[in-house]
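Multiple structures follow.
Look at the two complexes coming up: subunit A is in both, with subunit B in one and subunit C in the other.
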Partner chain A sequence: MTMSKKHPKPEELVAIDYQPRRRDWMDPHVEFRKGTFNYSANPKSMEYLGLPFVRKWQPTEDDWKLPPNWKEIILNGLRERIDRFRSLRIFMDICVRCGACADKCHFYIGSGDPKNMPVLRAELLRSVYRKDFTTAGKILGKLAGGRELTIPVLKEWFYYFYQCTECRRCSVFCPYGIDTAEITIIGRELLNLVGIGIDWITTPAANCFRTGNHLGIQPHGFKDSVDFAADDLEDITGIKVNPSVNRKGAEVLFVVPSADYFGDPHYFGFLGYLALFHEIGLDYTFSAFASEGGNFGLFHSHEMMKRLNAKIYAEAKRLGVKYIIGGECGHMWRVLHQYMDTMNGPADFLEVPKSPVTGTVFENARSTKMIHIAEFTADLIKHRKLKLDPHRNDNHRITFHDSCNPARAMGLLEEPRYILKNVCNHFYEMPENTIREQTFCCGSGSGLGTDENLEMRLRGGFPRANAVRYVHENHGVNLLVCICAIDKATLPGLMDFWVPGVSVGGLHELVGNALVMKGEKERDNDFRGTPLPGKEEKVHV
Partner chain B sequence: MIGDSLLKKKETVLDKWRKAIIASYSPDASLFLRNQKNQFANPVGFTIEKETAEIVQTLFDGGDIETLAISLDRLIRIRSVQDFTPSQATLFLFQLKRIIREETTVESAEDYQKMAALEERIDSLALLAFDIYSRCREQIYDLRLKEIKARAFRIMKDSDLISLDIKQEGNSPHENT
Partner chain C sequence: MKILYSLLAVSISIAFAWVGTASGGLHYLFGVVFPAVAVFLFLFGIVYRVVRWARSPVPFHITTTCGQQKSLDWIKSSPLDNPSSTLGVIGRMALEVFFFRSLFRNTKMELKNGGKLVYGSAKYLWLAGLVFHWSFLIIVLRHFRFFLEPTPVFVGVLQNLDGFFQVGVPVLFMSDILILGALSFLFFRRIVTPQLRYISLISDYFPLLLIIAIAATGVLMRYFLKTDLVAVKQLMLGLFSVSPIVPEAISPLFYIHLFLVSVLLAYFPASKLVHMAGIFLSPTRNLSNNSRMKRHINPWNAPVKVHTYEEWEDEFRELIKGAGIPLEKE
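Moving on to the complex of A and B:
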């Protein structure tokens, strides 16, 4: 701006160039703006897990205190993984940059940052692969799309591989089926080799390794919380349920994400599980050691995932159960459905799951021996084994958010909807390009659901919220139901910000509300303590 | 009501304004933001298209600008969580003034008065925009707190349930930043 100008234009006054310059995608510059990135791993948690290069550092610092041979470690790590995972080599070589994935990522849609296009995010790693692992790249370098691995490139990996929630929506649209989540997984694994990890993944993983759950709850604490829930349920229903912990010889081991017995609104679904299992007389037990279905190892490395998952089959074996049922969780099911069998199986000491109430054999779980509670409950309803009063959920106008992993990683699309239609009277689908296989992520999965990066999560969650807003405005939807612990933790904030007036709940919370239990007292409140429809006045008197 | 000459320019103003807003994003994203018309596939682009139309319409029709609070909220809420500074996030209203000036020729005292009145209305919108932006940012901090509390609401009721060593050391990275 020159002094001779009498009337500076507004954009000059604020001294900005409002048109961002087009940058070469190979330029690795990133700015760690507060609210957009995750804090580094707590050294104590790293030590507990025996991770390498334990130190204090933060992404905003210039010096990340990398080991002197960091580059060699990463390139060797990449070489090793390319040999080990045929899929990775294919994903590195096969992309033709058709662009089908480009506008499918919720972070790209919400931010407009080109490096959130899945194709470009993958190029961050692919360019280094080309430079060091392909003949063309070795000779032609940048001309062949190759890029030298430098510290700015490493920082860029950190920034963008922690802006991918491994939701796999982009993969649905890729004609070659490139799974960008796997590229992110490898990118994070490589970073962890030089001690670059985030705390929201590492500390829950360390807690999980020590006590069996993310929060570090010890067995007596776990038992207390289950007993506490039984008391709460008795207050609401008048029925005393007796869930057991570590009981040998039970027919079923029941594994839930730990948020179910501590988080809000997860806890209300936990009450629903207890009510349901009591009502059908299921012979089940919890394990105070397999007290976490979630597995943040998936977001760290294949090795960590295997290590944290081992407890599930180990506890099933120790307790001598016949099969396993799992609660409402997202990534937990990706691990259980796609990895557990080959990582820690075969579970040949277990039996193919068979409902003791309906006799249904869950052939789909013939190998893993573990079924999702939505499959189990849908089967009960289908066989008319539950007495349900959907009017009890009449205060809710409901839509269903397909949690990424149950939907895309295990195809659990119909069961939750079937249950919902039986336990409530007002159910409305969101637009079809935002549900089922095309569901939009909450923006907080894969270990990103913490507070310091909330701004980034609100960006990434906007496409989801936008679709909820549509059914809120058109159908008066006021409850967003989901079957994932991370969703339940993060969607309430997303709704408060983008669609005020919509709460978040779990599937089995509604099942529990609708379930008419034998010998129950007249219920005045739902599981949240809110008066049931028609009971409002009575409570206020 | 603004003069007929400007009313004729409504579509041009709107188009230029939208282009200016889209230009605040990376050039690599602008094609997508402009061309993908599905409101669920491109909520940011859709919001820009819909709400700018609403704002220009009301401004030109002489409608009550208080009714534009929702449109403005929709636009600013998005920008409040994107990579913009507060000034960048609200700049678009000042750009609207510039675009209108560029598209209009003031030929009479009456024109001048009408233009001044219109600009005053845009200034009022700008003030409203500052309020909305601040409210959005405050809300982000409130949400951070609310999430932390909800995350372990049972633990907060009965802290004996958490293992001692976590309680002493804390598992919050805030402590080492």
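Moving on to the complex of A and C:
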């Protein structure tokens, strides 16, 4: 399956051979084929973040210009992490290679490469662990499944640890809950110790560290984006909303992934947030410093995750808000739900979130003090606080893509569905093996969403696209709704490739479309500027 | 090759015990010394492994959630697949340990012509795994009739249940048939499925073949080549009361069986078989999904270099001012 042309065709990509190769996997081998890997980190970004061994190198080069004691650094790093993470030690020790995880990985399904079976991806590290950290491996070596850490092994790590989107689907099926995300997160940490990282992660992290967001948007640019959105919303609804930035004393700090105010189709959901908060009169503010909820640090190292996440609580404290609401984003919510309080808490300067409209106290966030906007909105709808006209979304036949992290690291499954059923009339689920905790990744998560990696992303996104195609063909679905910024950035291209005719949107885009605001003008268009159902004629006249 | 090595290791073990007891006269070595050493290695090894695991902290709360979270009152949560309480976690772990809940989800992906993916039910691995583990447990418990005098009541109950169909003399135990069937399935599955053969190591084939050999020698002794059970019980009681005696009349087949069990016990803690203990400590399964309700503490929560608001304001002061965003310092 070599791809000579620049843009592969779907029929070429689905010619997948699942027969493992002759060559034993223990014999390290990796081919950096264009379209299947990511470029190295920009030295400037590394320098800004104070990362070690800053240099110019590329994966395709023979010499990666590693420091002379690279092996020692990595093995010491591994030892340290085995002592620091029970997860790692357990996951290194107890895998029985039952193979249940093998065909659960979207990269394996889409590529047929045996080293993309989660079990084997982990074995790439596990074999080194056995060789250097277990008695049997030290004595018996290869007979005990041990492998010497060599440069080819290191290159294999790089290739395959960046062919995992840390979506955790394998972990759902593993009888011991072995989580490949944990293994690749730590594997990437080890690589970063010797200055091996990818630019799509390191540069956004550097941007975020400096300006407050991954895109590197500076404070005035952020303010402009918000004001621009307010103007757009006024054009559509006739209502002037007045969002504030860095305003002290607001009740709520609202944090969104930066793509929400810059990306398409994220932006339409951003309009939805503004409309919703205005309508219920929420006393909230944005922060131009904490202008990023996403966290590419998660894809770099635990340390970087903590460094980038710190600003959220710091800003909540400085601005004196009572609690925090977070927008639609997948891995952002993994960090907020499972790491933030531990890393940068306790948030004892905040109050347990309480909806000012319904009085609902969000006990599920009583320590972290941050709630997901889907939880907030579902509560509003349940208490009938919103006037909704789902017919305005009648042009869409909708399916919902559970984003990996809200599904498998939170269990935020019903809230978005409840909202959807209230804001649209045509909602169809994808097959059960492809939704909820079994959802398939977009194939571009965890910092892999680059153009240079396009073929691998299309392969990794194939299982998701395949399920969308099912509802597209059977129910005429034409809109894939999701609650993740990376989904919104990458699924449109994936759909164009695999399932033309399906566009991608956010949950709060539909909420905003359906929301009947007090004093609004008669709306002709939805947030995308396309005519609402029944308004097509009027536009053409 | 890997299968061959494993087969060789098991064969050598059998030959060793056979030669040693049939013509070597090493009954004391195989009947007392090896089993005692093996039991010690097993206990010490398991404790060592568990202590080592337990000494590595759980820095982050990384539950894998497999159902609806507990959030709003009116949304039904999944207390077992996404537990928010300790009781829920106990339930989740019980389902995992006793019924292999996660493996029950297993599916098989197929790529159909025309590039369509379909996912079929694939319960055989779950079924064979469950049958093997339960049969193994029942067989181990049944063996307590050799270890304790008087024979505990539960052994009698188990024997009656296990021999429920009253077939043959001595009564055929279902667990004997089931364990051999399940193990054979698990073994051939590894060989027949190309992907599985590709990932399998010696340490995957060896324990399977070893346990097959243990079960086979046990079945041989019970149904075909009878051994002197009174003598066997004498030996085992002696072992367990730490006053070993080696009766004369026991056949080499028994010593082969006992030696294979000794190998299994000694090998156990150093192998993947420690999943038996490890599953209880797996952080994606044994933590409740309450990380926003209750702060999880990381004992080594290391300080990191952060970018402070003040530094940010200093760098962008003019731009912030120009945009009309409030400043801390004018």
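Just so we're on the same page, the second predicted complex is superposed on the first by the 520 of 541 C-alpha atoms of A that agree within 3 Å, B and C clash if a C-alpha of one lies under 4 Å from a C-alpha of the other, contacts with A are read in each partner's own complex, and residues count from 1 in each chain.
By our rule, contacts are C-beta pairs under 8 Å (C-beta built on N, C-alpha and C of every residue); 3 or more make two chains touch, one makes a residue touch a chain.
Note that this is a predicted model, so its numbers are computed, not measured.
*Asks:* Using the superposition on subunit A, decide if subunit B and subunit C clash or fit.
*Replies:* clash
*Asks:* Could you tell me if A:Gln218 is touching subunit B, subunit C, both of them or neither one (first, second, both, neither)?
*Replies:* After superposing on A, A:Gln218 lies in contact with both subunit B and subunit C.
*Asks:* Touching A:Asp179, do we find subunit B (first), subunit C (second), both, or neither?
*Replies:* Second partner only.
*Asks:* Touching A:Met370, do we find subunit B (first), subunit C (second), both, or neither?
*Replies:* Once the two structures are laid over each other on A, A:Met370 reaches subunit C alone.
*Asks:* Is A:Pro463 in contact with subunit B, with subunit C, with both, or with neither (first, second, both, neither)?
*Replies:* In the superposition, A:Pro463 contacts both subunit B and subunit C.
*Asks:* Identify the partner contact of A:Glu537: answer first if only subunit B is touched, second if only subunit C is, both if each is, neither if none is.
*Replies:* neither
*Asks:* Figure out whether A:Glu522 sits in contact with subunit B (first) or subunit C (second), or with both, or with neither.
*Replies:* Once the two structures are laid over each other on A, A:Glu522 reaches no partner at all.
*Asks:* Check whether A:Gly145 is in contact with subunit B, with subunit C, with both or with neither, and answer first, second, both or neither.
*Replies:* After superposing on A, A:Gly145 lies in contact with subunit C but is clear of subunit B.
*Asks:* Between subunit B and subunit C, whom does A:Pro431 touch in the aligned arrangement: first, second, both, or neither?
*Replies:* Both partners, subunit B and subunit C.
*Asks:* Considering only touches as defined above, state whether A:Phe228 meets subunit B (first), subunit C (second), both or neither.
*Replies:* first
*Asks:* By residue count, which of the two partners contacts subunit A more extensively, subunit B or subunit C?
*Replies:* When the residues of subunit A touched by each partner are counted, C comes out ahead.
*Asks:* Which one of 2-10, 38-46, 92-100 or 146-154 is the stretch of subunit B that crashes into subunit C?
*Replies:* 38-46
*Asks:* Taking the stated contact definition, name every residue in subunit A that is touched by subunit B in one complex and by subunit C in the other, in rising order.
*Replies:* Comparing the two interfaces on subunit A, one with subunit B and one with subunit C, the shared residues are 10-11, 14, 16, 18-20, 102-103, 109, 114, 210-211, 218, 224, 431, 433-434, 462-463, 466-467.
*Asks:* Show which residues of subunit A lie in contact with subunit C when the two form their complex.
*Replies:* 10-11, 14, 16, 18-20, 25, 50, 82-91, 93-100, 102-104, 109, 114, 117, 119-120, 123, 134-136, 143-145, 168, 171-179, 182, 209-212, 218-220, 223-224, 245-248, 288-289, 302-303, 306-307, 310-311, 314-315, 318, 337-339, 341-343, 345-346, 360, 362-368, 370, 375, 378-379, 382, 407-415, 418, 431, 433-434, 436-438, 462-463, 466-467, 469
*Asks:* Can you list the subunit A residues touching subunit B in their complex?
*Replies:* Those in contact with subunit B are residues 9-11, 14, 16, 18-20, 22-23, 33, 35-36, 39-45, 56, 58, 102-103, 108-114, 199-200, 203-204, 207, 210-211, 215-218, 221, 224-225, 228, 259, 261-265, 267, 431, 433-434, 451-452, 454-456, 458-459, 462-463, 466-467, 470, 489-490, 492-493, 496-498.
*Asks:* Okay, in this complex, where on subunit C does subunit A touch?
*Replies:* 5, 49, 52-72, 74-78, 81-82, 84, 96, 100, 102-103, 105-109, 111, 115-117, 119, 125, 129, 193-204, 270-272, 274-275, 278-279, 281-285, 289, 291-298, 300-302, 304-309, 312-313, 315-316, 319-320, 322-326, 328
*Asks:* Residues of subunit B touching subunit A in their complex?
*Replies:* Counting only subunit B, the residues touching subunit A are 20, 23-29, 32-33, 36, 38-44, 77-78, 81-83, 85, 87-88, 91, 94-95, 97-98, 136, 139-140, 143-144, 146-148, 150-155, 158, 160-163, 165-166, 169, 171, 173-174, 176-177.
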